Amino acid sequence: FTKGGSGAEKADAEAEEGKITLDFWTFWGSEIRRPIIEKIIEDFNNSQDEIEVKHTFIPWGDIWTKELAAIAAGDPPDVVINDINATALRGKNQQAENLSKYLEEDDISGDFYEELWNATLYEGDSYGIPFNTDTRVLFYNKDAFEEAGLDPEQPPKTWDELWEYAEKLDVKDGEKYDRLGFYPMFGVQTDVWMMNADNVNFVDENSEVKINTPAKLDTLEWLNKWHQKYGADNINSWKAQMESQQANPFFSGDLAMLVQTPTFYTQIRDYAPDLNFGVALLPEKEPGNGHTSWGGGFVAEIPAGAENPDASWEFIKYLTSKEAQEYWAVKNFDNVANIEASESAASSDEFNDNGKMVYELAVEAMPLTMLTPTSLVAPDYMTLVNPEFDNVYLGKKTPEQALKDAQAAVEKEISKK
Amino acid sequence: MVKIELKNISKTYDKDVTAVKDFNLEIEDGDFIVLVGPSGCGKSTMLRMIAGLEEITDGEFVMDGRLMNDVPPKNRDIAMVFQNYALYPHMTVYDNMAFALKMRKFKKEEIKKRVTEAAKILGLEDYLKRKPRALSGGQRQRVALGRAIVRDAKLFLMDEPLSNLDAKLRFQMRAEISKLHNRLKTTTVYVTHDQTEAMTMATRIVIMKDGVIQQVGAPKDVYDYPENTFVGGFIGSPAMNFFSGEVQNGEFVTADGIRLPLPETKARAMQAAGYGDGPITMGIRPEHVTLEPPAAAGQSLAAMDSEVIVSELTGAETLLYSKLGSQELIARIDSGLDLRAGDNVRLAYDMELAHFFDAGSGDRLKLGEEAGITV
Amino acid sequence: MVKQAAGRQKVSHFETIQGRRQALNIINWVLLAAGSILMLSPLWWMLVTSVKTMQEVMTYPPTFWPESWNWSNYMKTWEAAPFDLYTVNTLTITILVVIGNVFVNSFIAYGFAKVPFKGRNVLFAIVLSTMMIPGFVTLIPQYVLFAKLQWLNTYYPLVIPAFFGSAFNIFLLRQFYMTIPDELIEAAKMEGASHFWIWWKIGLPLTKPALATVAIFSFNGAWNDFLGPLLYVNDESLYTLQLGLQVFKGQMSTQWNYLMAGSLLVLLPVIILFFFFQKYFIQGINLQSGGK
Amino acid sequence: MAGKRRFNYKTKEGLQGYLFILPWIIGFIVFTAGPLLFSFAASFTNYNVTSQMDFVGLSNYEKLFSGDQLFWTSLYNTLYYVLFSVPLTTVGAILLSALLNRDIPGMRLFRTIYYLPAVLSGVGVYLLWMQLLEPGTGMVNTVLAWFGIAGPNWLFDPDWTKPALIFMKLWSVGGGMLLYLASMQGISKSLYEAAEIDGANAWQQFTRITIPMITPVIFFDIVTSLIGGFQIFQEAYVMSNGEGGPVNSMLFYNLYMWQKAFEAFDMGYAMAMSWILFVIVFALTIVNLKLAPKWVHYEGGGK
Amino acid sequence: MVKIELKNISKTYDKDVTAVKDFNLEIEDGDFIVLVGPSGCGKSTMLRMIAGLEEITDGEFVMDGRLMNDVPPKNRDIAMVFQNYALYPHMTVYDNMAFALKMRKFKKEEIKKRVTEAAKILGLEDYLKRKPRALSGGQRQRVALGRAIVRDAKLFLMDEPLSNLDAKLRFQMRAEISKLHNRLKTTTVYVTHDQTEAMTMATRIVIMKDGVIQQVGAPKDVYDYPENTFVGGFIGSPAMNFFSGEVQNGEFVTADGIRLPLPETKARAMQAAGYGDGPITMGIRPEHVTLEPPAAAGQSLAAMDSEVIVSELTGAETLLYSKLGSQELIARIDSGLDLRAGDNVRLAYDMELAHFFDAGSGDRLKLGEEAGITV
């Protein structure tokens, strides 16, 4: 047990030097990400002599359970990377420090994509500063396009084109598919297409439930059409592969088009270097409807009750500054929240042609990207909604009925509060 | 080494099985009490209560003046041989025997000395390193016995400790236990089904039936003067022969009308006791029914012709199964003669040594011959 | 020797003791072997994945036999994090937990099984009921408790509770104690042993198979514990193997080959331990052999 | 008077009893009781871990019973799972241990192999299973196809998700097998000898001797797997991405509770849920304990 | 119901403990073989091999012409009473007894009939619903016996089935077993330590020592003509008295020089056999040492004065411990006389019934008297 003690002693020793030590928790422990974040930290530590940041890797997913427990115990870390979508909720529950007082002095709100920034606000106050983000774009296999007689430089732009292309790209062998053209719900879910259709979240800012809308009904019917086209057996089999996060049919050319985050490019780069692919914005429902995409991201936040919020703020500011962000973006091939950093990364020399192509498109997609922040009134309403969609695909309900039921269920949930 | 009083002790299992009922006994320091009785009569239960393994439902158990009912077994300083051995299966024979001594923090050499000595007595020297699993039944039983005799307990409880040994070994062990008892004078309560053991080892025998004491007394007294038909029939093997009948004119008349003349003194005493001509039960031991013998002085013989039903050789003697009228009869005769079923013999009944009991209660008629018996 | 004398009936082989035993054994063996395939298939998958390149891992359709066996993955895995240190850490925790679990639970279980006392059944029901509340409901209050005790960032929260019994193990060992004939306990009482000694000298040895089982379970549990160390340890120098393995797992992508290699390496000691530890719970203790 | 003394002796042994369980009592008071009581108390509040903990009376419970469809869904899923997994794993483990409790070459290896799944734990295994259960090229359906069986869409068909999890559970009966193996060691050989003489064949010996003699452990297994079954969580969490699977068919009680506690931060509500679960499981356990004397044989007399 | 041949059977445990060595015996259909011998001599082992519970290390076991070594126990159709009962602890007494019948798919009523009947014979009617744990030792043993007798097996094996019963019950059970045997004529192998059982029940007795057969024969033959000193000493209780000495001029001279005249025929036969004046062992049973008796016809008595060391009453008789010269001696006399230690008695030795053995090997000297014995 002496080890436990020594850890504490070390912290004390550093404190003696008169420096403030900050505990910084991230879930970036991989051999790629870890050195990058640690380089940023090192730079920060070297940039001044009052604050010393100590990085701790805590596994993905469980990091926030631990954070919550630590907050409850009154002994939280100083800065934590957390999910952007629940930031407002955490603000509401006072899990994170209100950053307004710092923002009054240093208003950096304009540095970030608006959608991201808004997601951090609860009653107008920010509870976390956006760090990185993502969006969804369409990857497609150029060789397959050519094979199917499609122009590899003309990816589908609308839902109808998408369907049409897929039809051409399909290679069928009896009931099975040797190549699947496209299936919208690999990689993203029903809700993304619904937003793509009408740019409205299921529950809007005013807590109004917007599930049973004509555009969403159209979407559901359209998605169901896809489902019926390929059949549950085929879809499930392919889907299982994709969800296992291993063997990906897109790499092998067995899947012609796939909606994925831009960082998916790094996987193509590493695991399927010979793949001849292109990227495009998400197709729109009909021309002019808008290529709305969907994304998420992470913020740097100060957990409630942290000891040195001022110092923490300094560090967060550094983390989200253009310099650090650009470094992160380029080294990781990741989308960042800082607009300037994002844009300058797009033209970075470190990327090769493909990289540039993907990154530029990602930056282009960012302003079109919606977030789905956790609803403050019914944080887990998706548990009520998802089964209704499932029922449609299973043929147990009509799309109308399903949306009606989902609408009713969520309204009921909200009314309980 | 200890005086024991058992006062009105009863034991009820599971609310309805009464195993021991109102048991009263005082055991003197150095006594060797042998407990006998039919299977299931409560002997083991009694021992287990004394040991503290079974709660005493009712009554008091006092040891050297101290009420023991509530003293835990380990503080009673009693050594016990369990009827079913209860050896520790994971320990060697040596460790089984040494366990109690280790618990009592004896020195290693002392333990070794005692265990080896006991093992020698018990003929277990060669098995000390074995686990019970690899022993024969009799060897296990000897280990169980050894476990007790290595100790100097205040009280020994032995529940049929020799039942699985051969005659010769049993004979030796009996001698060893007696020797031990003579040396240490440890108060002992001993359960056995072996008549010889009971008769030869006991200072006093306690005969139980259905949880109730039937008679307590020195072996010879119990044999010679059984308090009731049960004791008479139980002690002695083969059992005493019983005939129901009645007394008529100084003769015992069986149900079949066969007449056996009574010795005069007995006849008179019976008359005096009011059994002049009422129904009565006569008991006579097989060894007191003999083959046409020359009546010796003081014997009162009544002879009858009988047919041999079975003749059974037991070694030294022969058991002769026959009938007196319609009632079965066993006689114990010398093995010299070779009798066959169907042979006719003339059997003599030594009426002087016959016993008489109340036909209803089965209690012994006290006819004056018990004078000087220490009960 | 002439075993088949004239006139004797010939006994068909499978009617003989050996024959029948053999037949049964063969059936048994075949059944087990068939089942083994099912049992081993995930392991095989792990092994295959662990030696693949990531590129092959992502190949569709997946391959059941790797193109090349990249054993060097194991080296890389081991070097990806201070696994030597993590091994020592994990071992420290595990050994302490096993010791605590084996002895303390056995002790408590003996009390519940062989020493009558008032309220035993009620208390036992409470023991059982502690298993019935889902862990994450008490997670936060328990964390707060350990924080109050200043035990955060030490192994205390992982180890100390093991010395105060766990319902599962108490229950398990109690069941085993209940199968020990009372006569043995009684005999020991007669010989002057206190309950403590009876537990130590009779109870422990006679429940060896159960203890071995508890030891294996505890070892397994502590060795594979993830949530405990995650919550209570902050310092990465105090991390355990399971936490260490997480470096291969990302939010978006996972380094499957390294993860599987690491998992297999972590699994290995448990398998080896189990293989050799078996004799303790297979070695029969014939509880009745000491009596009639 | 005598009565009083008897009380003393009993009390003395009783005191020793308390001494034996003292570690547990201390542990319970120090480590368990507090959090338990806290969670009980908090189930009557709107506790959200960080900012609020106001008494709301029974409203959490009311909401659960009256308006929460998912509560019932999750309860149904959980009951379904328990109802099938407990008997199946118990029977499976017993049969397996019977096969493994023989002295034939390779047995050590077999035991190790069958125990392996119990050692493999955590998230990785479930991901692995997702691959094995993959309907098209997955190993399970591939093997089924050899026998001409068209395997189902395990994790995507709401009718098959729970059977899939039960199947998975069955795969790891090695833990239970270990228990039964251990308890079979305590059975006296002489009973088998007697049965053999009495003409019982291997199967009869198994059902008439082995099974009754291992009832203490069967009882243990049933009670603990029941308790454990009601708390099924991680499998579902991993395999449904924390969401509950198709049509919420994998939304088990604890998964739903977890969502409430750590996603919606409605900890008070989750704690109320946990106590309802507690009552259900406790009631079942008491029934089990009461029924036990009818079928559990304790060689030690159960004193 | 079955004829059994045991040919050169040996049993070795754990490679080094030899429990049975080169056992040869033919058992006729309907035979009632009693196996006796000291504790640990291999009796149970022998039974267990016949039952098929123990592998036969060497030799052949043939039943009705069929080699059985490899036939599994359940196909041997053997009923067995285990020395340690081996009751099913989780079954009631009824179920314990019914088990074998159930396994053999008897009808329910038939099972009930048989079990109730057996229970009646064994005095277990009141205990049918109990589990073995709640029975006394003797009751358990009776259940074990009951389990065997409900069956009609081809062969009965009984390992000390009555050892824990009281004399009376044992006597009854013995009779029941004999009855059963007379009725069914089931071949039986029976192990006992009880001399009476051995003598009365056996058609033939097999005496073993250290795993080796010492003698096989009818009870009377074994008793009257023991093949060697071991058998002589083992059969009969108390044991035969042995004196070492030598033959001189038709007299047996003890080591102390005490002279006991031999009957003329014996003296002559000995001379003929070359034991004219070599060292020799004489054995005489306690019942052939009597108190100054009137020599009957054909008796060859030699009388000596002796001092009583211990006089032990066993019920019907008294055992008198004394000495012949320096060698210990037990006499078995009628209980009439009240002798004390130190009393002087004149003891007569019935030399006609004395046995003589080779001093070295202990083998019996065949002096012609065994004519007509069926071995």
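Order of writing sets the chain letters: A, B, C, D and E. Residues in each chain are counted from 1.
The rule we apply is simple: contacts are C-beta pairs under 8 Å (C-beta built on N, C-alpha and C of every residue); 3 or more make two chains touch, one makes a residue touch a chain.
Chains and their UniProt names: B, E = ABC transporter ATP-binding protein; C, D = Carbohydrate ABC transporter permease.
Source: prediction; values computed, not measured.
Within the contact network of the assembly, the step distance from subunit A to subunit B comes to 2.
Centroid distances from subunit E, each centroid being the mean of CA atoms, peak for A.
Comparing chain pairs D-E and B-C, the larger number of C-beta contacts belongs to B-C.
Note on chain placement: the centre of subunit B and the centre of subunit C lie 56 Å apart, centres being C-alpha means. One finds 16 Å separating the Cα centroids of subunit C and subunit D. Note on chain placement: the centre of subunit A and the centre of subunit C lie 39 Å apart, centres being C-alpha means. For subunit B, residues touching at least two other chains, in rising order: 72, 83-84, 137. The set of subunit C residues touching two or more other chains comprises 61-62, 136, 140, 181, 194, 226, 249, 285-289, 291-292.
Looking at subunit D, one finds that residues 10, 13, 49, 131, 137, 188, 190-191, 213, 262, 299, 301 touch two or more other chains.
Subunit E makes touch with subunit D in their complex at residues 51-53, 72-74, 77-80, 82, 84, 86-91, 99-100, 103-104, 133, 147. Taken together, the subunit B residues at the contact with subunit E in this complex read 13-14, 17, 36-40, 43-45, 83-84, 123, 134-139, 141-142, 159-160, 163-171, 193-196, 199-200, 219-220, 223, 233-239, 285-287, 312-317, 319, 332, 334-335. Across the complex, subunit D meets subunit E through its residues 188, 190-191, 193-201, 204, 208-209, 212-213, 215, 297, 299, 301.
In the complex of the two chains, the subunit A residues touching subunit D come out as 64-65, 68, 71-72, 86, 89, 93-95, 232-241, 243-246, 304, 374, 379-380, 382-384, 386-387, 390-391, 394, 396, 409, 412, 416. Looking at the complex, you find that subunit C touches subunit D at residues 24-25, 28-29, 31-33, 35-36, 38-43, 45-46, 61-62, 104, 107-108, 110-118, 120, 123, 125-134, 136-138, 140-142, 145, 161, 163-165, 168, 170-172, 175-182, 185, 194-196, 199, 209-210, 212-213, 216-217, 220, 224, 226, 242, 249, 259-260, 263, 267, 270-271, 274-275, 278, 281-289.
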